[in-house]
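Several structures are given next for inspection.
You will see two complexes here that share subunit A, one where it goes with subunit B and one where it goes with subunit C.
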Partner chain A sequence: MKHRLITRKQLNELLDRLAQEVCLYAPVRDKTGTSWAEIRRADEACLDEVNTVEPAKGFVFPRCEVLLRFDPQGNPVEPEPPPQQVVFGIRPCDARGIAFLVKFYTQEGRTDPYVRARREKTTLIGVACTRTAPTCFCLGVGGSPQGSEGLDLLLVELGEELLAEPVTEKGERLVADLPPAEEKHLTAAEEQRKKVEAEISLRIDTRKLQELLPGLYDTPLWQTLALTCVNCGACTFLCPTCHCFDVTDETVRGRTVRCRVWDSCQFALYSRHASGHNPRHDPASRYRNRIMDKFYYTVEQAGMVSCVGCGRCIISCPAGIDIRQTVGTVQNSKCKLKNEK
Partner chain B sequence: MDRSEKLRQRARELLEKGEVVMVIGSGPPSDSGISPVLFATTPEQAENLTASTSCAQNLANYLLKVRDRGKVAVVARGCDARSITVLLQENQLKRENLYILGIGCEGIVENGRKSVACAVCRHPNPLIYDEMIGEPAAVAEPDPEVSRADAEWEQLSPDERWERLSAELDRCIRCYACRQVCPNCYCPVCFVDASMPQLVGRTHNLSDNMVYHIIRALHMAGRCVECGACHRACPVGIDLMRFNRRVAKTVRERFGGDAGTDLSQPPALTVFKPDDPQEFIR
Partner chain C sequence: MNNPYLPVPMRIEKVVIENDARDLKTFDLAFVNESDWQNFKFLPGQFAFLSIPGAGEAPFGIASAPHEPLVKFTVKRVGVFTTALHELEPGATVGMRGPWGNFYPFELMQGKDVVIVSGGFSFTTLRATIAHLLLPENRKNYGRILAIYGARSPGELLYKEELKEWEKRSDLELVLCVDRLNGASWPQREGLVPNVLKAVAPKGENAIALVCGPPVMLRYTHPVLEELGFAPENVFLSLENRMKCGIGKCGHCNVGPKYVCKDGPVFSYAQLLKLPPEY
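On to the complex of A and B.
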């Protein structure tokens, strides 16, 4: 698909039109930064922040997904189908998060109809990063500030114009009428990518981690690492790829709903059995699970590391835990073990 | 010798002599600007301790995690020491298992501004300690902006307050970071985690968010030391200190005193005195 060129004015017109036709979501300014909200006009969108406080995963995997509804007489009522929605301003790391969720939840023989239905009705318009935060490390886990994975359309800001890269048919349809981009625009975007990528120094050798982690399951290292962790769920709830849920029934004024709600492996309740036994009874085993899951389990399950390097877990951690340091410690500890042998 | 150097020296000595098994303090700040908690069990590890007061955590929280390990030294600012006092009053810690290295606190700075809890801090210096490292800090004038905002809040009608409270708490994602960082929120099973019977719904809705926050505020009445750890921990920026200040004010006005400032006085809501104000019981 051809790269196109879109002016800011044309983009605003496109967004204004989309807002009339479907639910249009974008980052909007709030007191803590920017958050996802439905917008009616293009100028409500705010791309000033490096990223939103909360990730965009809720568009395909909402915090509360109604699975079943019953009326007061106990008759089942079909839940409403998900709405047609367009998400504008999603960053490449968050789009990769959605790509992961879709991949994880739409596998051969175990496809989740809810995630699939939502993704089918969603159009993702990404905007490439023009700057980074000190906590960004998408490059370290295989992403890029201009990555298009998971998106329908990627926009790269080049002053008053934007380079539009359609990724899917859906994205192509949005920009089909626009003029093709010229070589100079592609070069400018490439230069911008190099400039932004240069700001991100960290690399994580995810393949090496994948080899190391199974052998590290029983090391006392986790006890040491987990000491700082307070076992809240901030990192998992703000993670673009964390995908665990619980199913709960609630009755409000005679109407019962069965919902799928986000859950967190960092909570003791998450793994507690009905018998009272808890296989992850201590904070260290829950801390270990998060790292194992991100860099080992999901690679086995879905063929993809489930960390996109957005840095939200670092920003949100009340204890100041930095996943990059954790990974570094884990990698080095094994090296020591090897040398000792 | 600067304060950090003195702290490191004392920490090394305590560990070398085997007087304590661990020193809990603050390490160098990470990229998010927060200084993670440092657990030094060897003199070498103590080299990374800093006496900076930029650690967003209330260090008393970690004493509960290691309370079965033997005697532990902890670096304590005014609020950390007040939490320790509450934990001692509630028999959660043993005084003889603690060695308190007191430091005067200049306040925690977040994103270039003094944390809102520290902006109106009345007790920057520890009231219990085994030794002070460096000079005590001066009690700063309370930030007039915070006092003004509180006064404005008081002027609102109950309906307006409820509306603002609802708007604030509607954003809660129930990650329970506020609960987890609070040293005085230590129930083995929190009421929100009870499942037989389930007391609080698990979906994201205002009603359950309210139940969580209001019950927590009441549980903390007379026990909250206003350290602001919960406020700083909140990933979505809920103004928890507004509620904490309000609850603390009520306790102060009705029962006198600030939580954790007097080891000999049990927390206000754990005792009954015949002269307690009780005009609301008719």
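On to the complex of A and C.
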């Protein structure tokens, strides 16, 4: 699909039009930075921050979602299909997170109809990063500040104009009438990519990590790494790829719904059997599960590392735990283990 | 849309209180809709979610065999959902979704001896397995069938009437045992399941062992089976981790990279040796 050129004015017109036709979401300014909200006009969108406080995963996997309603006779009724929605201003790391979620939820075997329906009804318009935060490390886990994976359309800001790269038919339809981009625009975008990528120094050898992690299950390192962890679950709730949920029935004024809500493997209750037995009873085993899941388990399950390097777990951790340090320690631990033996 | 979260309605036909403590009940369920019955194909070892609007849902092993007309579940009263279920009487409706997971390795078992080891109320899917294997058209395909089933006390054994019938059969060796007798009279064995297994000492040659029980029983049963010559790939265990979805999405039941609901609940011991002990 051809790269196109879109001016800021044209983009604003496009967003204004979309806001009339469908639910349009974008980052908007709030007390904590920017957060996702429905907008009515293009100028409500705010791309000043490197990224939103919360990831964009809620657009395909909401924090709380009704699975079924029960009629007065107790018969289950499926909810209305989700509405058409357009998400503008999603960063490449969060788009990769959605790509992972969609793959995980719709891969072979049983497909989750809710995630699939939401992704089908959603158009994702990404905006490439022009700068980074100190906690960004997308490049370290195979992403890029200009990555287009998971998106329908990627925009790269070049001053008063934007380079538009359609990724899917859905994205193509949005920009089909615009003039094609010229060579100089592609070059400018490429230079910008190199400049932003140069700001990220961390590299993680995820393949080496996959080889190492299975053998590191019993290392006492986990105790040390998780020592300050309070198992609050903030890292998992703010993670663009964390997919765990709990299913619960809620009855309000006699009307019952069965809904699913985000859950976290960092909680003790998460894995506790009805008998009281808990396979992951101590905090270190739960911290280990999170790291193993990101860099080893999901590779086996869905063929993808499930860390996109957005850095939110680092920013949000009340105990100052840094996943980059954990990964670094794990990567360098093999020789230590050999010495121990 | 084929929605895996949508339960089908089941009518409770019969409720049996199974034990002296009265916290284990067996529910025999009939499909309200004929078409749901036609679509329900399973083999022993698989499980399903039962649900009551407002009380939630929980997974249980299917305790009936595929040829039986009613779908049987034995449920211990421990939480919100199971308490609500225990209050229901015949005629009431509950939701069911499934069957989920895999089943015992019936193909691999053909032509071999089958040793069933079970403790406590996890006997459910193994009860289904025995009923399935004892069908005349199935029975001829298997060698000796030995079942060792233990509970804390005689009153805690499930399916007591059926066990009496099974004891009379010549094509099934049933060994019942209880942990402690405390002076009560009991014609069967006293002792923990792993010790009874050791005493009965079935040969591991050309045999498959199916094991289901509480984690502590599993831990002490492995070494005995190993001593008896059962290779890890011929020992199958059914795991019961906490789970919410049954289709490998909610995350809860993972054992390393495997999900008990989707990749299990039946695993060979050889498979489990490669996984972390998170069950």
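In the analysis below, the second predicted complex is superposed on the first by the 331 of 341 C-alpha atoms of A that agree within 3 Å, B and C clash if a C-alpha of one lies under 4 Å from a C-alpha of the other, contacts with A are read in each partner's own complex, and residues count from 1 in each chain.
Here is the rule we use: a residue touches a chain if its C-beta (ideal position, glycine included) is under 8 Å from a C-beta of that chain, and two chains touch if they have at least 3 such contacts.
No experiment lies behind these values; they were computed from the predicted model shown.
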Both complexes share subunit A, so when I overlay them there, do subunit B and subunit C fit or clash? fit
Now for A:120: first (subunit B), second (subunit C), both, or neither, which partner does it touch? neither
Give one of first, second, both or neither to describe whether A:13 is in contact with subunit B, with subunit C, with both, or with none. neither
For A:233, using the defined touch cut-off, is the partner it touches subunit B, subunit C, both, or neither? Pick first, second, both or neither. first
So, does A:280 touch the first partner subunit B, the second partner subunit C, both, or neither? second
Going by the contact rule set out at the top, does A:169 touch subunit B (first), subunit C (second), both, or neither? neither
Check the residue A:267 against both partner chains and state whether it touches subunit B (first), subunit C (second), both, or neither. first
Per the contact definition in the header, classify A:317: touching subunit B only (first), subunit C only (second), both, or neither. first
Could you say whether A:64 touches subunit B, subunit C, both of them, or neither, answering first, second, both or neither? first
I'd like to know which partner A:43 touches here: subunit B for first, subunit C for second, both or neither. neither
Overlay on shared chain A, then closest C-alpha pair between subunit B and subunit C (Å): 5
For subunit A, which residues lie in the overlap of the subunit B contacts and the subunit C contacts? 246, 248
Inside the complex, what are the residues of subunit A that reach subunit C? 67-68, 70, 74-76, 78, 104-105, 109-110, 112-113, 217, 243-249, 251, 256, 258, 260, 263, 265, 270-275, 277, 279-280, 285, 289, 292-293, 296-298, 300-301
Give every residue of subunit B touching subunit A within the complex, in rising order. 29-32, 34-37, 39, 56-57, 61-62, 65-66, 173-177, 179-181, 193, 195, 201-205, 229, 232-233, 235-237
Considering only the defined contacts, which subunit C positions touch subunit A in the complex? 1-7, 9, 51, 53-58, 76, 78-79, 82, 93, 95, 214-215, 240-242, 244-245, 247-252, 254-257, 259, 262, 276-279
So, in the complex, the side of subunit A touching subunit B is made of residues 31-32, 53-54, 63-64, 134-135, 224, 227-228, 230-234, 236-238, 246, 248, 250, 257, 259, 261, 264, 267-269, 283, 314-322, 325
